[in-house]
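Think of it as A, B, C and D in the order they're written, each chain with its own count starting at 1.
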Amino acid sequence: MRYKGIIALLTIIFVFTLPIAVCAQSKGGTLIYGEYGAPIRLVPILANDSISVRLIELIYGSLVFYDTNGEVFGDLAERWEVSKDLKTVTFYLRKNVSWHPVPGENHRQEFTAADVIKTFEIMMHPNTVTSLQSRYNFISGVQKLDTYTVVFTLKKPVLNVLGRFSFKILPSFLLTKISYLRGDEDLLLYKHPVGTGPFIFISQEGSSAEVVLRANEQYHLGTPYIEKIIMRPFADQNIITQTLLYGGIDLQVRVPPRDISEIQGDAQFELAPYSTLSYSFFGYNLRNPVLAIREVREAISYAINRQEMLNSFFEGRGQIISGPFAPGSWAYNLDVKPLPFSPSEANRLLDRAGFTERTKDGIRARGSYKLEFDMVVPISKENETTKRVILSFQNYLKAVGIKINIKWLEWKTWTENVFMKHDFDIIYADWLFDDSFDISSLFHSREIGPGRNNFGAYKNPEVDALLDESRATLDIEKKRTIYKKLHEILATEAPYTYLWTLTNYAAYNRTLRRVEIHPTRFFTYIKNWYILEEEPKQ
Amino acid sequence: MKRFYFEKEKPNIEYFHVPLSKRASVRDVVSIGFGLFVVSYLFVFFGISVTGTFIKDPMEVNIGAMFLSPSLEHLFGTDFLGRDIFSRIVKGTEAFFIPGLISISVSTTFGLLFGIISGFYPKYFAKIIFFFLNIIDSIPRIIFILIIIVLFNPSIYLIMTFVGISSIPKIASYIKSKVEVLKNQHSIEAARALGLSQWAIIFKHIIWLSTKPVLIIRATLGMGESILIETSLSYLGIGVQEPTPSWGNMVAMGKDFFFQGKIWLSTIPAGVILFTIMGLYLLGDGLNSIYNEKVSR
Amino acid sequence: MMRFVRIFFKEVFNMALLIVGVTALLYLLFNLMPGFFPGKGQGVIEYLRLLKKLFTFQFGTSIISGRDINSIVFPAFRNTLILTIGSIFLSILISVPIGIFSAYRGFKTYSWPLVIFSYIMSSIPVFYFGYLVLYVISRYTGFLPIYYPQGVERGNPVVSYVLPILVLGFGNESISEIVRLIANELERVMHTDYVIASKAMGESVLWSSVNEGIMIPLVSIVFSKIPFIIGGAVIVEHVFNWPGMGRLAFQATLDRDLPVLIVIAFLAVLCVRVGMILKEILLSYINPIEK
Amino acid sequence: MSRLAELKDLKVYFYDQRDKRFIRAVENVGFAIEEGSVLGVVGESGCGKTVTALATMGLIEAEPGIIGGRFFFKAPQEDVKLIEDYLFRNTWMTTGENSTRLYNLFCGLDQYVNFEENPFTIIKDSEKWLRRSNRIMEHIRGKNISMIFQNPGRSLNPFITVGHQLERTIGRFNPDRSSHEIHEMAAQWLRSVRLYRPETVMSMYPRSLSVGMAQRVIIAIALCSNPRLLIADEPTIGLDTTNIYKIIELLETLRAEMNLTLVLISHNIRIVSTIANDIIVMYAGIVVECGVRKDVIRGRFGAKHPYGAKHPYTEALVSSIPSDSDIRKGKKLKEIPGSVRNNKREMNCCPFLERCSYAVGKIRKLCESHCPELVEVSPQHFVRCYLYYS
């Protein structure tokens, strides 16, 4: 029976003293974890939604992978060498690695270099529908030295290049007649993914796609302790938390902020914070002449009280940021302070910008230009926090004399309006980064145009130069100073109003032990998690 | 020896006024009274929200005063952004009042039209009309509305017209069956024998005979239905969107805080919805029982 | 016998025509939809190919997830069927006795609260009722009756099957409609000549008026409620995490997954038409006057 | 012959919703039936004869329905045990030689209506009494008393076949028989009502039966539970003349075979007079004349009254329907002027006043003052008219 009354203090101590594994790690047990929404496609190249990425991490293996503090470990590659001129990288693959059993055949295929080459060719094929190509266009080609060694040649030298080789490898023997992937081919891989990862795919039956995986006993890095994993999709976030609290699932990947206090109050569950490298912002469309004025954007940043929003909506679980980088990363410039909340400063700026007259319903205007903007927001079922942020944003700006009309658009219509037609003034969104913090795709002038990420059409030659230079340099110190400089410029230029970085929380049942969560790929260390059967129920 | 017995003394019974436990009429009076009360407060709310007097500004956000419990200042307390729930409920009537009427009128007029035509001329029109109606009928209603929302990103008025359209088949088939029964009734044949033109018969007799119950029930049911549909849409996130208050999206907004014990957030609007729809049902019921009188015993 | 065969073929032809109509409408609407998605902007040829696939019953693969559709849609269809039929059966079980009781007792002291109960049940928003039931049950029995997939040994699958059916059965508006219809109809029939005559012969009033008073209105209203129940299921499926067809259709529309949506519409049309055929057969069996 | 049933002083009133007052349907009607005899009830339509029949069967559901009177009925012993707890103590009356008991089926009515105050008030809701009397009647209806209604076409359940309805009734009264036996009995009953192709009739629906056949089926259904009393309400309406006499003749033979007592209600006095032992004439809810058939029809030339005592209404009734002798003489038909008076207005004058040809001069004042009493003009022959006041 679940007792609600245990004092929160006790659990906090409990959380931080990672329990030393007293009893022996017992094998077996089933881990059920809940997700909001269903995975779209379990094929590494085509899938980019976070739910599929987490499952792919369990099923497929990659050459190398980097852990929380940027260090690189070998997965399918045993050893690797980077040539002195940083132009070629050779990988020596593990020998006894075998693919998962294909349904129908009982012997398991061998993992060879051919798989790596086939995967690379498909990934880089022009008409493959994928968003990964921009991240690997620094590789010019790949050759096979022998069945277990692979050489990658690079176009130009890249800093810590090894971290980039974390793309997943597909089984070539299933893709023999395929040269590119569009997603509508009739492939066995779509119906039954086959990889080299720690867990083997069993079934994805049912419309809402409960995915069942079992442990891969011949996994080259040691068989995982957990015997079976089941991914249960949910259609309602409140129900996920309740199911966790009542033992329906063992792990909830991302707890909505409003439920965190309830889970914390319960001794039977643990909250594991993992800050994904992402941040939220209000993006401006600089094509709108009024928004092109820097003072107006800065005034808006002054007018909103970010700390109050963070405290009341997310219970303070996050950090206000001042620039376009995640605070945890090395690229974040600490001495640039976020703009404080001062409506008087905002009014001063707006008056200086010339918006002194007031229309009858209180909106500032200058001649024919009115401070009235359309804010475009995607409709979704679980957008309670988005609603609260937007509406308080609208309220703050109303105090300063800026009117915001909120237009709600369905998700796909929203993406088309924002990225294709650029028909918007302000948007509220957040960016998710992998390790490289490459923000060139956000602010570089060549990235303006339909379908590119620089939706606000921000153009600043100095920033372009710095971005190109940062990509070219090799040593880390030089790159860090460049990013710090970029941070300053972008903080003052303010193409975005930078809000905050939220720390995501995963919650899991106490019986799950030695849980370590990778910031972006989540299940990287799944093999050493284990389930303690004989956990005495309080 | 047969004998007939007769009562000798006989009261001089002049004239009788006898109290009677009135059965059916009590029920009608109660339900119509309750219904009229509900309709009246709907009009009052609608008036207040249009003129904007008496109530606080429903959109005004103050983050300091979130989740206040009901007090004198905030009659029903405040919601997840500190906005006053009572004024939002009053303003919320605007979101379903006119759209509700639109949905009723659309579904009734077209339902009546198609029902009568296909009832009277089954061979020619019935097949065609009911072919299209079946198409609309077979797509689940919420999916049909979702597609419309995705296509046109409409306001609540357009959504409610499509809700009206999606309930045309039900009325049309009901009217069709009624018309077929009424058509070969003696009164209609007599009218036709008298030489009344076909349209006169249709308009005077059929519409009046078959319409009274349908109109009344349809009006009250339709209004209730449009409120419930709007609530379901708001739960799925596609109904009336946030800044404008509507009963549906207030109940939907409360769902996120439901399991944390703050159930009153969605209970108050749900209670108001329950109260209103109950009133409408009873109004429909009472009027219905008055119009087509009880079978004389 | 020949008549039945002819009726059958006429119905199949009607259904085919209807399916073409529905799929054409969906296909047209889909092409008008904003947002870039794989299946967009194809011409009529693609539509004809889609139709051929539909009528030869191989449903091909979904554009978005590549999994073949009948492995997605049929389990969902089975679940929604369980939910729909269960809830229709439940709402009949509740509303028919109330209807009979109120007609028989003539809205006197006992039947009045029951009728009010049925009106209340029909005017509560479905998802709020679901949340309330979940909240109350989980708070007082320490057990959350959410749908557990077959593979999971947690929780008690029976209760988690019963509760959504209970909520949808009580929640949708058909209860008050059935009660009202049966009460009026039975009231009328109880005073017809043949019922009084059979009462004089000693037969119970209810037994003799069951054919016209209860069966005909019940059959005609229940089978016309099928499309609404499939629609209503979307909400309950979301609240109780029930992997049904409504929820799948909702998600498919958002992801612009046309093949899946068309197959779902195809199944929905199938259900509606089969419902109508059943209605015709049952009515002709109960009510010989039409023959 | 022992007395089978006796109705005394039946009062049935209906409440009119629209003008909120009572309508007198039947006032102080009483009759007595001997076992095996036929009682004829005659009167224009709307004179309360059907209401009386329904009242005896307890089928009146309108408010307030029966508010006065007692109905004694010789129920068989096994039924009495069933309804024992509902009967009040002194509810039976003993008559005749072997002092058989007749139980008052309207017992307990005085608790609901007290006659003292004027105008008398209904103490409690008559619904309860109606429900109690319903429980009593359930055991009587069908088994001991059964009834035939006016319109044969609409008295059969249109949704089930004739055979099914017949078998259902038979099955209810002798539950221990197998379905095949029941089927056999049904066929036998149909043959007994002169329907010689029982199989085809049983498979047909009531809609496809002719009026005559429907009436015969109804008689079969009514009699298949071999009741002791059969009330036939206008059995011959809607039939053509040949059928009328066939039906009457059928009723007569069946009565003789099954030692059945029959109450024949009709507006045509000629038909009633063919087989009835006693005749009652009703007008506007009141019994205006009752007596043995001979007296009522021809009016015996009793000592006191030279030209035979007969109520003007009965005389008019008899003369308006030509007997075969009148046809031969070619007498002109006499019709009764005016129509049945509306019951709603005052009731303290003789109901037949306007239409009575004898109400002239001195007697008219009497007639207008208040309603005459039933006077015994000759043994077993009563007339309600001032003509015969001594």
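Definition applied: a residue touches a chain if its C-beta (ideal position, glycine included) is under 8 Å from a C-beta of that chain, and two chains touch if they have at least 3 such contacts.
Not measured: the values here are computed from a predicted model.
Of the two interfaces, B-C and A-B, the higher number of touching C-beta pairs belongs to B-C.
Core chain by CA centroid proximity to the global CA centroid: C. Taking the mean of the C-alpha atoms as each chain's centre, subunit B and subunit C sit 21 Å apart.
Measuring from the averaged C-alpha position of subunit A to that of subunit B gives a distance of 48 Å.
Between the CA-based centres of subunit A and subunit D the separation comes to 92 Å, rounded to the whole angstrom. Taking each chain's centre as the average of its CA atoms, subunit C and subunit D sit 53 Å apart.
Looking at subunit D, one finds that residues 61, 127 touch two or more other chains. For subunit B, the set of residues that touch two or more other chains comprises 23, 150, 235-236, 255, 258-259, 297. Among the residues of subunit A, those in touch with two or more other chains are 242, 381, 410, 412-413.
Subunit B contributes residues 23-24, 27, 131-132, 134-135, 137-143, 146-147, 150-151, 170, 173, 177, 217, 221, 224-225, 228, 231-232, 235-236, 248, 251-252, 255, 258-259, 263, 266-267, 270, 273-274, 277-278, 281-282, 285, 288, 294-295, 297 to its touches with subunit C in the complex. Only residues 237-238, 241-242, 256, 258-259, 262, 308-309, 312, 379-384, 387-388, 390-392, 394-395, 406, 408-410, 412-413 of subunit A touch subunit B when the two sit together in their complex.
Of all residues in subunit C, only 33-38, 61, 63-68, 71-73, 75-76, 79, 134, 138, 142-144, 146, 148-149, 151-152, 154-155, 237-241, 243-245, 247-248, 251, 254-256 touch subunit A in the complex they form. The part of subunit C that touches subunit B in the complex is made up of residues 17-18, 21-22, 25-26, 29, 32-34, 106-108, 112, 116, 119-120, 122-128, 131-132, 135, 138, 173, 176-177, 180, 184, 187-188, 191, 220, 224, 227-228, 230-231, 234-235, 238, 246, 249-250, 253-254, 261, 264-265, 268-269, 272-273. Looking at the complex, you find that subunit C touches subunit D at residues 108, 191-203, 208, 211-212, 286-289.
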